[in-house]
Every structure is written in C-alpha cells, then in structure tokens.
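Heads up, the next two complexes both have subunit A, just with different partners, subunit B and then subunit C.
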Partner chain A sequence: MEKTLAKKDFPQWVKKLTSWKIYLPKKDAGGRWNYAEADGEDVLETRQATLPPKTILFPQNEILLEFSKSRKGNAETLEVKEVLPPAEPTVVFGVRPCEAKAAWLLDEVFASEPRDIYYWMRRENTTLVGLACTPPPSDNCFCTSVEGSPHAEEGSDILLTDLGDKYYVRSLTAKGEALINAAKGLFEEAKPEDRKKVKAVHTESEKKIQRELKGARAVSEKLKTMFDSPFWDEEAMSCLRCGICTYICPSCHCFDINDEIIDTTPLRGKRVRTWDTCQFPDFTMHSSGHNPRPDKASRLRQRLLHKFQYFVQVYDKFMCVGCGRCITMCPVGIDIIKVLEKVRDHGA
Partner chain B sequence: MEPNVYLPRLAKIIQIKEEVGGARAVKTFRTELVNGGRFDYRCGQCAMLSVFGKGEAMISISSSPLVKDFMQFSILRSGRVTAALHDMEAGDLIGIRGPYGNGFPIDDWKGKNLVFIGGGIGLAPLWSIVQTALLRRKEFGGLSLIYGARTSADIVFKDELRELKSQMPVHLSIDVAEPDWKEFIGFVPTNVLDKKPAPAGTIAITCGPPIMIKFVIKNLKDLHFEDEQIYTTVENKMKCGIGKCGRCNIGFHYVCKDGPVYSWAELRTLPQEY
Partner chain C sequence: MAKIDTLKEEARKLLQDGKVKYIIGYGAGSNGWPAAPLFIKQPEDVDKLIWDPTCIHNLVRFLVDEKRRKGKEKPPDKRPVGIFVKGCDSRAIVVLLQEKFIERGDVYILGISCEKAGVVDDAKLAKKLAGKKVITIEVDDENRFVLTTAGGKIEVPVEELLAERCLECRANFPVIYDVLSGEKTKRAVDKPFGSVEKIESLPVEERWAFWKEQIDKCIRCYACRSACPMCYCDECVVDSIQLAVSADTTADEKAGRIKWIQRSAAPSENMIYHLVRAIHLGGRCIDCGECERVCPLDIPLRLLNKKLEKEAKELFDYEVGFDPDLPALISSFRDDDPQDFIR
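Now for the complex of A and B:
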C-alpha cells in the first residue's frame, strides 16, 4: 500500500489512533531527544534520540515473575506468578530506519525458539513507523557501510519519506495497513510523480551519510584471525569500561536476571530482567572467581566480535546498524569505525 | 498461550546429603517436581535452579535419565544461590527450569571404552553418564574413572566411589600427600599420564576446573588420543539458559544451548575463552 499524507494532517492521524498508545521522538526538559508518549503537540523530526526505541520493545528493567511465600498452619506454600507485559497496541512514530532494522535483528535473538514471550508480546503489539532520514541525524551515521540505508525497510511496518509538504507512506505489513485504515480519509493514493520524488530523496539522503567503513564483510572475515592478537590490548587501553557503548546501542540485547526482595517475613519479591553489558567484569565472572574475559581488551574484543563476527557467522547479518551512537557517546573517543578499519588493515 | 521459558516449575527437595564439609562444602540434593516426578533430559544436560529471593544458578543434572522418579544435583557452595541452596532443608521448595544444553552423544559411543576423568565438583556432570553407562553396561566396552580432589576430604560421592570400585577401575588422587593416602598424589592431568588409558576404541570424557580440563586434554593428546575421542563439558556464567542473555558464549557458540558438551575436535576450533 502506497499513499501520501499532507504533513499538516500528521497530528490528525495521531489523534485518530485512539486505540493505540503512541510514542515519538520528543525533546525533553534537558534538551535531549528521546522517545516519549504523544501529547497532542506532535511533530515528526529526523532526530537521533539518546536511547533507541529498543526501550519500548525491550525495556531497561522489566519484571518477569513475582513470588511470595505464605504459611497455612505448619505448611509453607510458595506462589510464583508470571508478570506478562500489558497487551496494549502501541505505535512508535518517527523511528529511524536503522532503529527499526535493529528490531529486526533483535527478532533473531528473542523470537527464535524458544521464544522470549516478554519481548514477543511487545513486538507483536507494536507498530513501527519508520521515517527515512533526510538528512542523516548524526555526523557519525554509517548505516550504508553495514548493509543498511537511510531508508531501510527491515523491521518497519510503515516507512514514511518526507517530500516537503507531504509524507510518502509505504505500508509494509498488515500492522501498517491497520494504522492507515484507522484514518483512511487523511490519505491519498500515491501518484507516479510522488514515487519518482521518493526515489530522488532516497538517493540524495544516501549521499549525505558522512562516515564510511569500507569492506565490512572483509573485516568480518579478518576478525576470525585476530582473536589472539595483541591489537586488542592497545585499542582497549583508553576504555573506561563504562558500558555506555552497549547501553545506547539499538541492537545490544544482553541482559541480567536478578531477584529483588520486597518483604522478608513472609518472603515476597520479584524477578527482574535488566539490561547488562559485556563491558563489565561481573558479566562473565564465575562464582569461583575465574573470569573468561578478565580484562578490558577481552571485553572490547567481545563487543566487536559479537557484532561483526559471531552474529554474522550465525545469522549472516551484522549486529550493528551504523547509528554511530557508540562513537558519539564514548567518553574517551573509541570509534568503532576506526577500530574496524585498523582491523581491516592490520598486518597489511 | 505459548509457554513462558523463564517460568520455573516448583520442585521439592526430598533429600540432602552432605558430600564435603568445610569451606568448599558440597551437598547433593535430590528433588522432585511438586506435580510429581521430573522432566525428561539427556546425560550432560543442565537445569536452572531457583532459590526465590536469591536468584538462579545453572547446575548440571547428576542423576541418570534412566532413574525416573527424581533429579539429583551435586552442588559446591560457591556463590549467592548455591549458598542459599546449602542452607535449605529437605521439604523446602525451589524452582527448576530446563533441561538446557546438548548433552553427551552417548548413543554414538556404543561398543567403546569410556574413561571418565574428573576433578573436584567436576565429577557431578560426569556422574549422570557414569550411572547411565553402568545401567546400560552391555552396550559399552571397558569403563574406568580417574578422579582427583585437592584433599581427601574434598572427594565427592565417597560412598558411591567405594561401591563403584567393584564395577570399574577407579583411580583417585589428591593434590598433596596426606598420612593415610595410599593412592596417587598429584594433579589429575598427571594421574592421567600415570594411568595411561589406551586410546584404541576409547572415548575420554573430562570435566573439572578450566585449568584442569586444558591440561587433561594436552596429556590425552600426548597419549595419542585423537581430537574426536576427547569430550568435555564446560561451564560459563549463565542467566537465561536459552542463548539470549549473551554472556556464556565461546565465540559464536552459546554454552547454554550449543554446549555444554564439546568434543575437542569442536572446541579447539572456537576461541579459547572459557
């Protein structure tokens, strides 16, 4: 389904979606962009939010289970109850195409058997409306180097393209169509000249990407030979092991599970899943004290190998969408593109 | 509604046996599901045990799948969850989910000699297959066990090992001399060299601390075992058990689902990060 929507009608579309919970990038009080709930004054902008919309599909903290003990006479009973996410239809507008592509990568991890029901319920209930990047939202964007593009469709249910006074609306899934059908009167059939224009906009936007990693697939192959190289020691020297590169990453999916106690007599508590990071020593430390990844070098190597070698070996895709957040946010300027370029050229 | 893989089943501890006391305490827990019995599993698979309020820990199932009415776990008091398990009593309730991992390819080993090589608590993951091999005795050639612990007090399954000696050669070792010790003194890999298991028609299966596994494999190679004749079961810190939480990987393998059992032919091709 290919339609157009007058830009001035976008708020009307949002208003008509009364049975959906709606998120889009908004500027917070501190001036940072983040995905927040629609508030009636909703405008789409091509911004890179601090945190990707991964937070909606895979929240930083979520309760998996609740447990409680109780006593009847002398017998102690234990009740364990699953806490599933609310089944509320949700729309995320203005998703960067790379962020939607990251959801498509997360699907490989969480939706593969055995399926992670917490992620999957949210994913099934969420409609992602991508907005093609015109221009790229960050100086560190490099999506075109990792088999992506500023108008990638993977993971999106609808892809919008800004044509000046209107959006070109391409529906990609049944979920996307439902969203258009909910406000049918606002949309017009796309015309051949609109299609032509979209193509031009997309081509132009690709040219505006400023960063490039040449030969990412070759890097992937090269990494297989670099595991034992002293290279990693040098690259990791400046790392503060803060983990920000993984927390703000749209495709990082590692998590921890811990029990939190609410009350002790009788016992009542919850089992909570929380984002975790491969950059922390505790991530892999055995209870014996033995740690297979004992230093910064082995942990930097893990991050890069997971994204550019291991994931590629299993799924034939990079686990990096080229959003550049890890480059922008790293407090000591570790630049994944530069590190991977050095890998590529290592020993040459 | 599809099953929730993170939701454990409730199980009752029906028996606890103290194997080792002191600082490196080991206890064996016999459990049954509250709804009766146990789930199906293969030798070498693991289960995620829950102590509610403390968390979860991945533990290998040490009983044989041929024993139908309970599941047994032998656990070293080591971290938060295992300490909480050690403080529990028979009748207490825990959570169990699983089974996880690939398990030993025991059916591929019919007609072979099996030599089990364990160190410390590493005998627990081997125990399931030792028991199974005994129950299916006719299907295998010679069976033997080489097992060591730091001190004689640290030896697990003391009673069972005494009994096992009537069924297969059992070669024990301790790291340093003790007054009444009559068997081998030294590390497990050294005892392997001393006992010289013959590689012809033999599969060697080893588990213990990572450093022990590395040297056992080296010494088996010196005894001319082929990579395909050496199996080990490895451990790594785990949270999910299903290849999603991202921490137990060795290269592109997740130990929880692609392992924990590896032939050396397979494991040697992965980064040596375990």
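Now for the complex of A and C:
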C-alpha cells in the first residue's frame, strides 16, 4: 500500500491512534534526543536518539516471574507467578531504518524457535514506522557499508519518506496497514510523480553518508584467522571496559537473569532479566573463578567477532547496522570502522 | 597555549634509549572529536602526538590497567610508563602515590600546563559549532579559542567553551612531573565550588527532584567508574564476582552471596551505586570531570564528587592531590580534629 500524507496532518494521524501507545524521538531538556511518549505536540525529525528503540522491544529490566514463600505451621509453600509484558498495542514513529533493521536482526535471535515470549509479545504488539534518513542523522553513519541503506525497509511496518510538504507512506505489513486504516481520510493515493520523487530522494540520501567501511564481507572472512592475533591487545589499549558501546547499540542483545529479593520475612522476590554486556569482566566469569575472557583485548575482540564473524556465519547477516553510535559515543574514540579496516588490511 | 615540541623530543629519547615501556599521550581521533588517547612504543610514532584543548581525557586511568598488566607479566617489565598529564591529571598521580597504588618510579611524567585556558566542554562546543565540523582548536595569545572549521575560523573567549571544572580549577598546571611544558599560571577563580553552591542553595525537595530525575536516567554502563583513575578496586561493590567457590560450595551459598546492589537499573539501585561511588571518592577525587564527560546520559556526576571535595576543604582544610607525602584524608587522624565525637 502506497499513500501520501500532508506533513501538517501528521499530528492528526497521531491523535487518531487512540488505541495505541505512541513513541517518537523527542528532545529532552538537556538537548538530547530520546524515544519518548507522544504529548500532543508531535513532529518527526531525522534525529539519532541516544538510546535506540531497542529499549521498547527489549527493555533494560524485564520481570520474568515473581515468587513468594509462605509458611503454615511446618509446611512451607513457594508460589511462583509468571509475569508477562503488558499486551498493549504500541507504535514507534520516526524509527531510523537502521534501527528497524536491528529489530529484524533481534527477531532472528529472539523470535525464531524457541521463541522468547517476552520479546515476541512486545514485538508483535509494536508497529515500527520508519522514516528514511534525509540527510544522515550522524557524521558516523555507515549503514551502506553493512548491507543497509538510509531507506532500508527490513523490520519496519511502514516506511515514510520526507518529500518536502508531504510524506510518502509505504506500508509493508498488515500492522502498517492497520495504522493507515485507523486514519483513512488523511491519506491520498500515491501518484506516479511521487514515486519518482521518492526514488530520487532515496538515491540522494545514500550519497550523503559520510563514513565507509570497504569490503565488510572480506573483513568477516579475515576475522576467522585473527582470533589469536596480538592485534587485539594493541587495539584495546585505550578501552575503558565500560558498557557504552553495547548498551547504546541497536543490535546488541545480551542479558543476565537474577533473582532480586524484595522482602526476606516472608520471602518475596522477582526474577529479572537485565541487559548485560560482553565488555564487563564478570560477563564470562565462571563460578570457579576462571574467566575465559580475562582482559580488555579478548572482550573487544568478542564484540567485533560477534557482529562481523559469528552472526554472519549463523545468519548470513552482519549484526551491525552501521548507526555509528558506538563510534560517536566511545569516550576514548575507539572507532569500529578504523579497527575493522585494520583487520581487513592486516598482514597485507 | 603550551607547545609540546620539547616533550615530544623527550618522549622520542625515552623510547630510543628504552627508558620507558611505552608512552601514553594524545593522538588524532577519527570519530569527530579531535583528540583520543594514544599509546606509543616506537620512537618514530612520536610525531603522532598532539596537544590541543580537546585533550580532555585523564590518561592516569590507564596506569590502573598497566599495574594489572605488569602483575601478569613473567618476568614483569619494571620500566616506567611515560605519561602526558595536565594539572588535574597530575593530581590523580599524587593520590595514587599517597595511596601507594603506584610508586614514583612507575611513571615518567610529561607535564603540560593548561596555562590560562583548559579543555573544552563537548556540549558547549557542539552548540557553538551548530552542526559545523571542527578541524583544529587552538588558544591564541589573547586567550581565545580559535576553532578552525571548513567554513572558516571562529574565535571565542575561553570562558565561553571551557569545561565547568576548568572554570573552577585552582591549579591548572602539573603539581608533579619529570619534564614540564608551559607556564605555571594560576587561574583566578571567584567561586571554586560555584556549581555545587548552586545546587546547595535549592530547597531540599527541589534538590531531591533534581537528583532523582538525573539518577533515574542511568543505564549502569559503568563508564563513570571505568573512566575514573581512583576506581581501581579489583572487585567493585556492584559486581560481587569474587565469591570463593570450592567443590563443596552449595547452590544455596552461591545464590545467597551478598548482593549490595541489584542488577536492575532501577532508581533505588542506581542511586545507591552513585552514592557509594561518591562516598568512596571523598578526599580522593581530583575533579578531572571524566565521570561526567563520559556519561552517555549526561548525568552531572561531577557535582556529587565536588560536594565531598568541598566538605573535605571546609571540615579538614584538605585539598586533594597536592602533596604525595601527605597521608590520605580517609586513612589519617589528627589530634586537633575539630569533631568532638572522634576523641
């Protein structure tokens, strides 16, 4: 389904979606962009939020179950209650195409059998409305180097393209159509000249990407030979071993599960899934005290191998969408493009 | 702006003569921020060293890594590590010496004075540039930052773009060094604790609301502790990974290990984490501002540490990081302590 929507009617569309919870990128008081709930003054901008919409599909803290112990006389009973995510229809507007593509990658991990019910429930209830990037939201964007594009459709239910005074609205799924049908009167059928214009805008947007990693597939092959290379020690010298690069990454998805006690008498607690990261020393710490990834070098290596070797071997896709957040936000300037270029050219 | 030509020559000689294991300095970044930490082992790489007001990182933090690395080397390479330090960074070395975490012979200190300027604040700079890309930043003779962009030069009085902590810095030259570049210029500071006093002046409810909002944003990436040269504990209170496990350790014992702070990035847990960190830095934080700079959510963490710095100054007349021979504040006792309860 291909339609157009006058830009001035966008707030109307949002208003008509009364059965959905709505998020879109908003600027906070400190000037940072975040995915926040719609507040009646909603406009779309091509911005990169600090945290990707992964936070909506795969929240940092997810309660899996609650437990409590009770005692009657000498008999102790343990009650366990499953907690599922709220089944509320949700729309995220203005998703960067790379972020929607990241959701498509997360689907491989969480939505393939056996399905992760917590992720899947949120994913099924969420409609992602992508907005093609014109121009790229960051100087460190490199989606076109990792088989993506500023107008990629993977993962999105609708892709919007800014045509000046209107949006070109391409619906890609039934969820997307439902969103358009909820405000039918606002949309017009797309005309052939709109289609022509969209093509031109998309082609133009690809040219505006400023960073490039040449030969990403060759990098994947090369990585297979570099596991034991001293290269990683050199590259990791300046790493702080913080979790920024992975926590702000749209496709990183590692987690930990802990029982958190709320009360001890009587015992009451919850089992919580939280984000975890391969960059923390305790991520691979065994209870024996042995740590198979004992230093920063092995942890930096893990991040790159997971994204550019292991995931490619299993799913034939990069687990990096080229949003450039890890490059922009690394406090010591570790630049994944530069590191991978060095890998590619290593020993040449 | 201090020139580092003499320091570069010194660095080259140190490496040529094998006097240092390697040198930690600043080189060109590729992510849009002009400077990044640089590690040099070969004399010919010395030319990659740079010095400008974006050399914001406190490299002393890497001495913590070096100590761990040396601990694993067989036999350990005991040569010192060369390190470039600004005034604030040098005070971090002083604290590490006071605490006997390192010895003076472990480091060869290449000091650079910030003179009348300091380092730029990334947020203020981004605002000033309004989307333009900066190529170089220098300080001219009239104490202005000169920002060179593709569209020409922009001149700004240093005060406009300086990091907040530089505006409150009282000694913007290294207090300990082997070689020094630049003048030992003291900056006139009206209000060394101005930023804290602003928060202190708010009613308690507003202060609570302010901190609650800030701390709620935390995603517990631990960049603040990772960037901090004083956060060198082998086991941090948030991790509890060092549970000794034997063949007889039961599942209950493993599950029952003390967890001071839960893993959920919930408001209460975030708050405890940040308060524990702040308290552990009382009398130790030298206000390099790295915790706040690296925070991806812009939590003003420096204010917590600054508050304790102020307490140390007011209660004990203690200034952090000036004298390596002075006992550390929290591990010392004085007969003329003003507090009655301790006698």
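In the analysis below, the second predicted complex is superposed on the first by the 348 of 348 C-alpha atoms of A that agree within 3 Å, B and C clash if a C-alpha of one lies under 4 Å from a C-alpha of the other, contacts with A are read in each partner's own complex, and residues count from 1 in each chain.
One rule holds in what follows: a contact is a pair of C-beta atoms (placed from the backbone, for glycine too) under 8 Å apart; a residue touches a chain by one contact, two chains touch by 3 or more.
Keep in mind it's a predicted model, so treat the numbers as computed, not measured.
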Have a look at where A:256 lands relative to subunit B and subunit C in the superposition and call it first, second, both or neither. both
Partner chain in contact with A:285 - subunit B first, subunit C second, else both or neither: both
Does the superposition put A:31 against subunit B (first), subunit C (second), both, or neither? second
Identify the partner contact of A:231: answer first if only subunit B is touched, second if only subunit C is, both if each is, neither if none is. neither
For A:338, decide between first (touching subunit B), second (touching subunit C), both and neither. second
List the residues of subunit A that touch subunit B in one complex and subunit C in the other. 256, 258-259, 285, 287-288
Footprint of subunit B on subunit A - complex, ascending: 64-65, 67, 69, 76, 78, 80, 82, 84, 109-110, 112, 114-118, 227, 253-259, 261, 264, 267, 269, 271, 276, 278, 283-288, 290, 292-293, 298, 302, 305-306, 309-311, 313-314
Can you check the complex and tell me which residues of subunit B touch subunit A? 2-8, 10, 52-56, 78-80, 82, 93, 95, 209-210, 235-237, 239-240, 242-252, 271, 273-274
Subunit C touches which residues of subunit A in the complex? 30-32, 50-51, 60-61, 139-140, 234, 237-238, 240-244, 247-248, 256, 258-260, 272, 274-275, 277, 280-282, 285, 287-289, 296, 327-333, 335, 337-338
Within the complex, which stretch of subunit C touches subunit A? 29-33, 35-39, 57, 61-62, 65, 123, 127, 133, 219-223, 226-227, 239, 241-245, 249, 254-255, 259, 262-266, 290, 293-294, 296-298
